[in-house]
Structure formats: C-alpha cells, structure tokens
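Next come two complexes, and both contain chain A; in the first it sits with chain B, in the second with chain C.
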Partner chain A sequence: MGKKILLEHINVPGIKSLDVYRQNGGYASVEKALKTMAPDVIVEEVKKSGLRGRGGAGFPTGMKWSFLAKPEGVERYLVVNADESEPGTFKDRYLMEKIPHILIEGMITSSFALGAKTSCIYIRGEYFYVSRILEAAIEEAYAAGLLGKNILGTNFSHDIFVQVGAGAYICGEETALLESLEGKRGNPRIKPPFPAVAGLYGCPTVVNNVETIASVPYIVMNGGDDYAKIGIGRSTGTKLISASGHINKPGVYEIEMGITVEDFIYSEEYCGGILNGKKLKAVVAGGSSVPILPADLILKTEKGEPRLMSYESLSDGGFATGTMLGSGGFMVYDETTSIVKNLYTFARFYHHESCGQCSPCREGTGWMEKILHRIVEGHGKHGDTDLLWDIQRKIEGNTICPLGDAAAWPVASAIRHFRAEFEEYINHPERIKEFKHLQELVS
Partner chain B sequence: MSKEIKFNEETIALVNKIIKRYPEGKQKSALLPVLHIAQAEFDGWLSPETMEYVASLLRIKPVEVFEVASFYSMYNLKPVGKCILEVCRTSSCWSRGSEDIIKHLEKKLGIKVGETSKDGMFTIKSVECLGSCGGAPMLQCGASFHENLTLEKVDNIVENYRVEGKRKSYTDQDFKNTL
Partner chain C sequence: MAKVTIDGESIEVPDGTTILQAARMIGGDNVPPAMCYHSKLKTSGGYCRTCIVKVSKGSDKDPRPMPKLVPSCRTTVMDGMEVQNNTSPEVLEARRGVVEFLLINHPLDCPVCDQAGECHLQDLGYENGAAKTRYDFPRRKFNMIDIGPNIKMHMTRCIMCFRCVKTADQITDNRVHGMLFRGDASEISTYIEKAIVNDFSGNMIDVCPVGALTDKTFRFKSRVWFTKPMDAHRDCKKCSGKVALWEKGNEVLRVTSRKDKWGESEEWICNECRFDKKDIKDWVIEGPRHIDRHSVISLNHYENVVAKLKIDIAKQQKQIVDKK
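Coming up: the complex of A and B.
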C-alpha cells in the first residue's frame, strides 16, 4: 500500500464530523500554524514540499503563493476551485463529500499563510448537495472556534463561505471563475493582470484546486522536506486519480506518484484490470483535455521504459508519443471502443462549453463537432480527417484562455494515433456498427 | 399555477444572509445563488418576471440578470417538468452505455431529449460530465445523483419520482443519491 495523505482516514466512521475528524489528528495544522509559525515560514515549507497545483496545470503552489501582491490596506483572498468539470474528473467531489474538514483545515492554514481574511469555495452548481455538506462542516468549525474572530485565541480571524456555480465548465478557468463569483457571465479575463495582483474585486487573489489546499495540512505538520520525499523527482507527494471507463473498479484512488501505469490499471489495489477480461485499447490519463494514447504508448514510453504515474513520465515524448497528468481524470477504453465516437463526445463537450469570446475557439469547436458528427453518422467526406487536423491547429495557441488548446489536443492526438479508424469510418460507413473490427487496424 | 413572484420572509432573510458574505456594494455576487433559489421557488424556471424580481432585490439592472441566466446551463429559461432527468452523455458515461439509457427514457416517457411529458412530470435532458464518471452511466435529478444505471434501475427511479409527484430542485435539502 502506498502512502496516503488525503484519504488516510476516509473509511473512519463519522469522519465527516468535526469531532471524529479531530480525534484523528484533524485541525492540528491550524493550531501549529497560528500559534508557532510565521506566515512566510509556511510559504517556505510549501515551496520546499514541491507541491504542484492539482487542478490540471501543475504550477508550483509555493511559487504561486509568493507572487501574491501585498499592498497595505487591501484585502487578499483565497479562492478554492471546486468547479471540477473536466470530463473524467471526480476526485474533488469525493474528497469534499467524504472528508470535508480536510479542505476547511487547509483553507484556514493556507489563508493564514497568505494573510487572507476571507476565503471561498467556488463549487460547480451540480454539486449542490456537496455544498450543503461543506456548509455544515463550516458551521461546525465556527462553533468550535476554528473560524470567525480570534481563532483558537490568536489574533487571526477568518471567514469562509461557499459559492455555487450554475453549470459552465469554463468557470473552472481561474479568471472566469472570478467573474462568475462577481455575479457575471464566466468569460475569462485577458491576462495580465494575473489574479495574484488583481483577482476577486480587483484584489490580490490566490486560486487553488481543492486537492492542492487539502494537501497543505500535511506539509505544515510534517514539513516540506518530508512531503518532498514522497513521490518521484519533481512529482512530489500523492495524487488523487479519478478512474473510470472500462475497468473493474472505477473510483478515486490516492497514489504515491511514481507507480507504473500498468500497476495502476491492472493491480487489485487500483483499477483491477479491464472490464470483462477485454483488452486495453487506449487511455485518456488526465481529463478530457489531454492527448489520448493507445495501449502500447500509455504502458511504455517510446524508449520502451515503463510509463509512470507522474507529471514527467506521462509527458515523456511530448505530444508525439506522450500525454499529461492533468487533473488525474483517468479514462480507460477497451478494445471495442470507437475512438472516433468517443472523440465526438469530447468535441461536442468543448463546443457546448466554449464561452464564445474568441472566434477560433467558438467557430472551430463548432466545426469540429459538426464534422465529427457527420463522420460518426456515416456521412464523412474524403478529406475530413485532414480538415479536422487543420482546424485544431488553427485553434491551438490563438485564444484568450487554454480552453481552445484543450479542445484541440484530443482531436490532434486521436488523429495522430488512430488515423486509420477515421478513414475506416469515412470509407466504409456500412461497417460503423461493428466497432470490434477496428481493433485490427490499430494493433 | 403561477403565483405572485415574491419571496416569503424566510427566503428574504436567506437572501440577505447571502448578500452579507460579500463586501459593501458587491451584492451582485449573490446573483447566481439567488437565481438558484428563485428557480426552485417559482416553478423550476426563470421567467422574465422572476428575473426582474431578482434584479430589484439585488439592485441591479434586469439586463444584467438576463445576461447571466442565459450563460449558465442550470438555469431554465422555459417551463420544464417537475423532475428534470439529466443524463450524462460524455465519454465515460457514453462508453458505459448512456445512449441506451437515453433511448430507454425516451421510449418509456414517449418524449425526446429536451421535451417534457404531457403530464408535466418529466423533462429529459442530456448533459455534459457531472463529475460522477466512476458511477457511469449516471443521471442527476434535482440534488440527487443516481449512478451505475441499468434499465431496470431507471424504471425504478422514474416510478419513485412519479409516485412522489414533487418538484425536484438542485437546492433541495433531501437529496437521495443511489449507487
């Protein structure tokens, strides 16, 4: 069994409640931080830990915190990103639902380090019931003197509230999130200025993912160096992986970074192998935005080394033969899966979720959906595969926010690794119903 | 069916509590939460009158409310059934059979995706990933998540909602997730 930091106590009965959470060591980091540490020291520990943002981009958290502007007399905010709408990702929901206090604890400790008097959890609207669980936990924390004025008798006061969204993937992008939090449409802002300088209500703001903030208590209690010893290389610590698709045991797993992908898919401790004893065809390893890889390339790098669950190993080979860890949304496809049809579900998603501000994204995602729709319906035209390729290339890098890239990469990688399948759809529409024969084409 | 568009005192108190979270003058931040409450109170959708009422409560222009309401997928700008069955159609749900679930619902209720049954009880919607991929295929109705669906389970879920006969909202306190 690998090291568990976030889910260690997940199966303790009643861990949702403050009492049980505290009996298991919960909120010790608040006590330690507020009473014995200076804010800057905490930031240093987080830097040393090598913790990288768990929302998808993997940006070093300590560094992000040290960029926070601190003008006199201006409020600062910590905003926790619980929008979790990247297809394939459901770890934050699991964590917040099962053990809400770990997030609240992380928020108090992190806010102390950042000098924020108020912090907020922005949670996707569909998780309304989870917002109730969080609010109940927050209420318990207020009643116990862990929130509000003069926490645990110190000079530090802090308030937390939960804000629900209303259905928009783009509000996971940090500046769109801030717009939404201000009661507006979720249109991403042009950067700079970055939220660290002008975020919520124009005030310096740190936006971090749920899992990132929930990792802070461990770092405060055990030190950054200890955390950095877990994992592998620059992929320190543990990572929550949301595993879904054609596997025997879908669910959320906390892994120590550095285990092999093969172990993750086939061992009983994690996914338990492919459903119904079928063969593995492909994996999307980090949420819908990251490149899809065929079985051989997800299990081994181009150099023939075992592929590991880490930022570096998953991206080994660049986009030609690698992918990304992203949000850890690990979607597995068996040999019967139509890659083209699956891609269509992604293209439809991105078109639906484009905010419409930039024409390459707004129009391009629409065209890609339309072309893929006609291909899966058996009306694909010769040249459609190249057309898709051209469109995705024209979106990538030409937009305000990374949603454009996120829409382009799945298309590019599906064509790169499964081109024959697109051609099969276009040339032999009468065979579309039999997905299985397609396996022969790619293996 | 339509009642006066006005919150009762208890709801007004709740709205005021929400507004207090934000700094002075930033009450517009309350717009999304208040729209959720309004939708739940006034027949499950946001009529122009409802949106104007919310604008007046938050002291913003009605157009600011329309703009926002039309951006987010959880706000209904047209009347809907009491229970909206929102079936996820994205990758992991698709690969584990969401298309069959949708077809089954369409046949069972005699309506297509996007339509409402004649008795006003059900609307079928197909939606994007709901963060429940580990329980694929899944559907959401109001605050409740129903996971690992089979056709039989869908029959049961629909029957239970029909018998209960109540409007389901995201804001419901009594969610009933089934695995």
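Coming up: the complex of A and C.
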C-alpha cells in the first residue's frame, strides 16, 4: 500500500462532518500555522516540499506563491480552481464530495501564508450538488470559529465564498476563471499581467487547484522535507489519479508518485487490469488534452526503461514518444477502441468549448472537428490526415490561452502514433461498420 | 529607454513601448501586420494573432528566447531584446496559418463589399495568404441583424477583432453591443436587436478592419478607389470636425475620420459630421488627402505609384548588384 495523504480518512464514516474530521486530526494545521508559524515560513515549507500544481501544468506551488505581489493596502486573494472540466478527470469532485473539510482547512492555512483575507472556490456548474456540500462545510467551520473574525482567538480573519460557474471548460483557465468570478464573460485575459500581479478585481491573486490546496495541511503538519521524501525526483508527494476506460476497477486512486504505469494498470490495488482480459491499446495519461500513447510507449519509454507515474517519466521523450501527467485523468483504451472516433469526440469537445477570442483556436477547432467528422462518417478524403496535422501545428502555441494547445495535442499524437488507422478509415470506408480494420491492425 | 532590434534594425524606444510600436517607428517593410490592434484604443490587440513575432533574445539581462511566438502588439520591449519578424520562417509560416484561419469562414464577397480597396483583410491575404483554400465545407452564416439607421452589419465578414467593442467602451457613454455565444458560433451583436444609437457610434465603421461594419449612407455608391479623398474641416461642437471627405465629382459620397498610414483613425468624429453633412458647402476644403497606406485604396494616387516603382527598381538593382 502506498502512502495516503488526501484519502487517508476517506472511509471513516461521517468524515464529511466537522466533528468526525477533527477527531481524525483535522484542522490541526490551522491551529499550528496560525499560532506558531509565520506566513513566510509556511511559503518556505511549501517550496521545500516541491509540491507542484495539480491542475495540469505542474508549476511549483511554492514558487507561484512567492511571485505574489504584496503592495501595501491592496487586498490579496486566494482562488481555488474547482472548475474541473478536463474530460477524464474527476478527482476534485471526489475529494470535495467525500471530504470537503480538507479543502477548507487547506484554504485557511494557505490564505494565512499568502495574507489573503478572502478566498473563493470557483466550482463548475455541473457540480452544483458539491457546492452545497462545500457550503454546508463552510457553515460548520464558521460555527466552530475556524472561519470568520479572529480565527481560534488569533488576529487572523478569513472568509470563504463559493461561486458556481455556468459549466464552461474555458473557465478552468485561470484568467478566464477570474473574469467569470468578476461576473463577466469567461474569456481568458491576455498575459501579462499575470494574476500574481493583477488578478481578481485587479488585485494580486493566487489561483490553485483543489488538490494542491488540499495537500497543504500535510506539509504544514509534517514539514516540507517530509513531503518531499514521498514520490520520486522532482515529482514529490502523492497524486490523485482518475482512472477510467476499459479497466476492471475505475475510480479515483491516490498514488505515491513513482510507481510504474504497468503496476498502476495491472495491479489489484489500482486499476486491476484490462476489462474482459483484452489487450491494452492506448492510454491518455493526464486528461483529454495530453498526447495519447500506444501500449508499448506508455509501459516503457523509448529508452526501454519502465515508465513511471511521475511528471518527468511520463514526459520523457518529449511529445514524440512521451506525454504528460496533466491533471491525472487516466483513460485506458483496449484493443477494440477506435482511436479516430475517440479523437473525433475530443475534437468535438474542444470545438464546443473554444471561447472564440483568438483566430487560430476559434476557426481551427471547428475545422478539425469537421474533417474528423467526415473521416469517421466514411467520407474522408485523401490528404485529410496531412491537413489535420497541418492545422493542429498552426494552432499550437499561437493562441492566447492553453486551450489551443489542448485541442492540438490530441490530434497530433493520434496521427503520430496511429496514422495507419486514419488511412484505413479514409481508404476503406466500407469496412468501418464491421470494425475489421481494427482487428487487422491489432493482429 | 530600451534598445530593441527588429530584423536586424535597432531603435531606442521609451520603456513600455510594444514591439509593434517599435517596429512602426522603424518603419519599412518589416512592420508586422495587425488586424485587431488600434493605436487609439486601450487594451486593443492580442486577439487576431497576425502580428506574432519571434523573440530570439529576451533582453540583455535575461537573454533566453521566449518559448512561443508572441503577439507584438501586446508584448513590451526590454532593453537588448532581439525580435525576428520577416526574417523568421517560423513566424511567416505561423502568420500564413493565421491568415488561413481568418479566411476559411470569410465569405470573400469582396466584389459587393463596400470595404474592398481599404480592407485590412484583403491586404493581409494578398501579402500572406495562399492562392487556394483548403477549406471545403460550407462557410459560416449568420442571421442578418439590423443595428440602426446608419451602420450596416455583416457578421459573416467579421474577424472578431473587438475594436468596435472597445470603441463603444472607450469613446461612447454606453455600450449596447458585444460578443454573444462561443467559439466559432460567436458573433458581435446587440442584445435582442437593439439599435446602436449614440453620437459617436459611426467610429465603429472606421475601426472595423473588414467590411463587417459599413456606412449605410455610402452603401453601393462607389468603389473607394474611384473616390477622391480630401482633407476638410468644419466647426463642430461635438468633435474636432477634422475629417476626410471622399468625393466623386463635386458630390461628397462619404465622410470618415482621417486615418494614418496604418489605417487607424487619428481623431474620432461625431455622427453629425459623418452622416448628415454630405454637402460640399458644409465643409472647408483643405486640399487633397495624402494616403500613405500601401493598399488598393491608394492606387489611383500617382505619387504613391511612382514612389513604389522607385523603391521596386532600386530593390531589383540592388539584387542584381548583390548577385554579381
């Protein structure tokens, strides 16, 4: 059994309630931080811990915190990004639904470290029922004196608000999230300035993922060095993985970073192998926007080393033979899966979610979807694969926010690793219905 | 002050200048094209991505190149920065991509579009576009909406530069239009077909880089290159009254603001000057307007043609000498 930090008490009955949560050591970090630690010390501990942003980009959290501008007399904000919209990712929902107090505890401690008097949870509209759970938990915390004025008798006061979004993927991008939080249309801002300088209402703001903030209490209680011992290399700590697809035991797993991908897929502790004993075909390791990898490349890197569940190992080989850990949306595909159809689903999603501000993403996502649609329907034209490749290349890196990249990467990787399948769809449309093309490709 | 080098040419500019502004100060052929940036509008730019450039050296302090291509209109210069525009094949290719994206859903109805001849998208497509489209799907359509008596809107031609939105935000007292919907279905519209009525709404026509917003009083009157631009002014209580008249014979066909060589309005004018004063007696004529812009619009102005020829010949001579 690997070490559990976030999900340690997940099976304790009634852990949703404040009393049970406190009996299991909850809110100790608030007490410790507020009464015995200076804000800078906490930031320092988080830096030492090597904790990296769990939302997808993997940016070191301590570093992000230390970038926060601290002008005199200006409010600072902590915003928790609970707009978990990446297809294949559902870890934050699980965490907030089952054990909401760990997030609130993390928020109080982190806000103290950042000097923020107010923090917000921006939660996606589809998680409305989770917002109710969070609000109930916040109310409990207020009643117990853990929120509000002079928390635990110290002179630190803090308020938490929950804001429900309307369900747009783009609002998970931090600047679009801030726009939406301000009540405007959720369009990403053009950076610079970054939120650390001018964020919510023009004030310095830190935007962190739910899981990141929920990891802070452990770091405060046990020290950054202790947290850094878990995991491997620069991928410290534990990570929640949302496992889905053709596996025997889909669900949210907390893993110690550094276990092998093979272990994660096949061991009984985690995914429990491929459904119905079929063969593994491909894996999307970190949510729909990261490159898809075929079975041989996800289990072993190009150099022949076993691939590990960590930021570095998964991205080993760059995008040519590697992928990314992303947000931890681990989607497994067995041999019966059509990669082209799967890609069409992704492309349709990104087309639907593009905000429409910048030209490459607005026009390119729609174009890619249309081409993929015609390929899937059996009307693909010769040269469509090359055209798709060219379009994605012209979107990637040329957009305001990472949505353009997120739309381009799956297309690029699917063509890179499964080009034959695209050609099969285009050259033999009559065979699509019978799935013959897939069986042949596998054998 | 910061020293920046763009395509090998250096210039000292004040801190806070953007790469695009610095390039415009240098002038010449190496100025990145811009569709959504407008020098008189704050926070404009960054959307269309045509002005992207490569920063091959960040600054003297931090010489690392920037990892991605950056929009030159929204990136400020640093001391010692080195920028590649036309000298970078990567930039030119990305720009061709952007132009292709802008054109795939554009109706290409230039023969019936009043903007033809002074359209930024035409110029951009001419300079950076492909001869043939690779897009073989039906082009996007929108329902025509009426936004009032003076301005004609064709959403199909729009490239989403947000300049009209920023104009309404910054020079009128109330903005009633904006972006509706999302992605490639997004459109500029007024909510429930409200008319845009205020004294300065006409400036939206001038800032529109394409034919999405055109002057209803000039609709189908003449191609712009058959009209004669004149500088003129009148005593106006609302605006400076300094305009450009576009005449045919002795008839004033349209009134616009005076635009600089980048096609961007120098001063805003009011709707009274623009739409109601169509009699030559209303105006004090200053003389023919010198159009500096390199576009079809300036083609019937001999001075420009001659100047262009001189440059072209000089270039060719230089190339011959270089070859030898």
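Going forward, the second predicted complex is superposed on the first by the 437 of 443 C-alpha atoms of A that agree within 3 Å, B and C clash if a C-alpha of one lies under 4 Å from a C-alpha of the other, contacts with A are read in each partner's own complex, and residues count from 1 in each chain.
Basically, a contact is a pair of C-beta atoms (placed from the backbone, for glycine too) under 8 Å apart; a residue touches a chain by one contact, two chains touch by 3 or more.
Predicted model only: the values in this text are computed from it and were never measured.
Visitor: Based on the shared chain A superposition, would you classify chain B and chain C as clashing or fitting together?
Guide: fit
Visitor: Which one hits more chain A residues, chain B or chain C?
Guide: B
Visitor: Pick one for A:H352: touches chain B only (first), chain C only (second), both, or neither.
Guide: both
Visitor: What is the value, to the nearest 10 degrees, of the angle subtended at the Cα centroid of chain A by the Cα centroids of chain B and chain C?
Guide: 80
Visitor: Is A:N24 touching anything from chain B or chain C once the two structures are fitted on A? First, second, both or neither.
Guide: neither
Visitor: Does chain B (first) or chain C (second) touch A:I190, or do both, or does neither?
Guide: In the superposition, A:I190 contacts chain C only.
Visitor: I'd like to know which partner A:S267 touches here: chain B for first, chain C for second, both or neither.
Guide: neither
Visitor: According to the stated criteria, A:A168 is in contact with first (chain B), second (chain C), both, or neither; which is it?
Guide: A:A168: touches chain B and chain C.
Visitor: Quick check on the superposed pair: does A:N248 touch chain B, chain C, both, or neither? Answer first, second, both or neither.
Guide: Neither chain B nor chain C is touched by A:N248.
Visitor: To be precise, I mean the smallest distance between any C-alpha of chain B and any C-alpha of chain C in the superposed model; what is it in Å?
Guide: 5
Visitor: In the superposed arrangement, what residues of chain A touch both chain B and chain C?
Guide: Common interface on chain A, chain B vs chain C: 168, 185, 352-353, 355.
Visitor: Using the touch rule from the top, collect the residues of chain C that touch chain A in their complex.
Guide: 45-50, 52, 68-69, 71, 74, 93-94, 97-98, 100-102, 104-105, 134-135, 137, 159-160, 162, 178-179, 181-186
Visitor: State the interface residues of chain B toward chain A in the complex, per the touch definition above.
Guide: Against chain A, chain B makes touches at 21, 23, 26, 28-33, 35-36, 58, 60, 64, 67-68, 71-75, 89-92, 94-96, 128-136, 140, 143-145, 170-171, 173, 175, 177.
Visitor: Touching chain B in the complex: which residues of chain A?
Guide: It is residues 75, 84-90, 92-93, 124-129, 132, 159, 161, 163-169, 180-186, 201, 242-246, 250-252, 284, 288, 329, 331, 333, 337, 341-342, 345-346, 348-349, 352-353, 355 of chain A that touch chain B.
Visitor: In their shared complex, at which residues does chain A touch chain C?
Guide: Its residues touching chain C are 168, 170, 185, 190, 351-360, 362-367, 370, 387, 393-395, 397-400.
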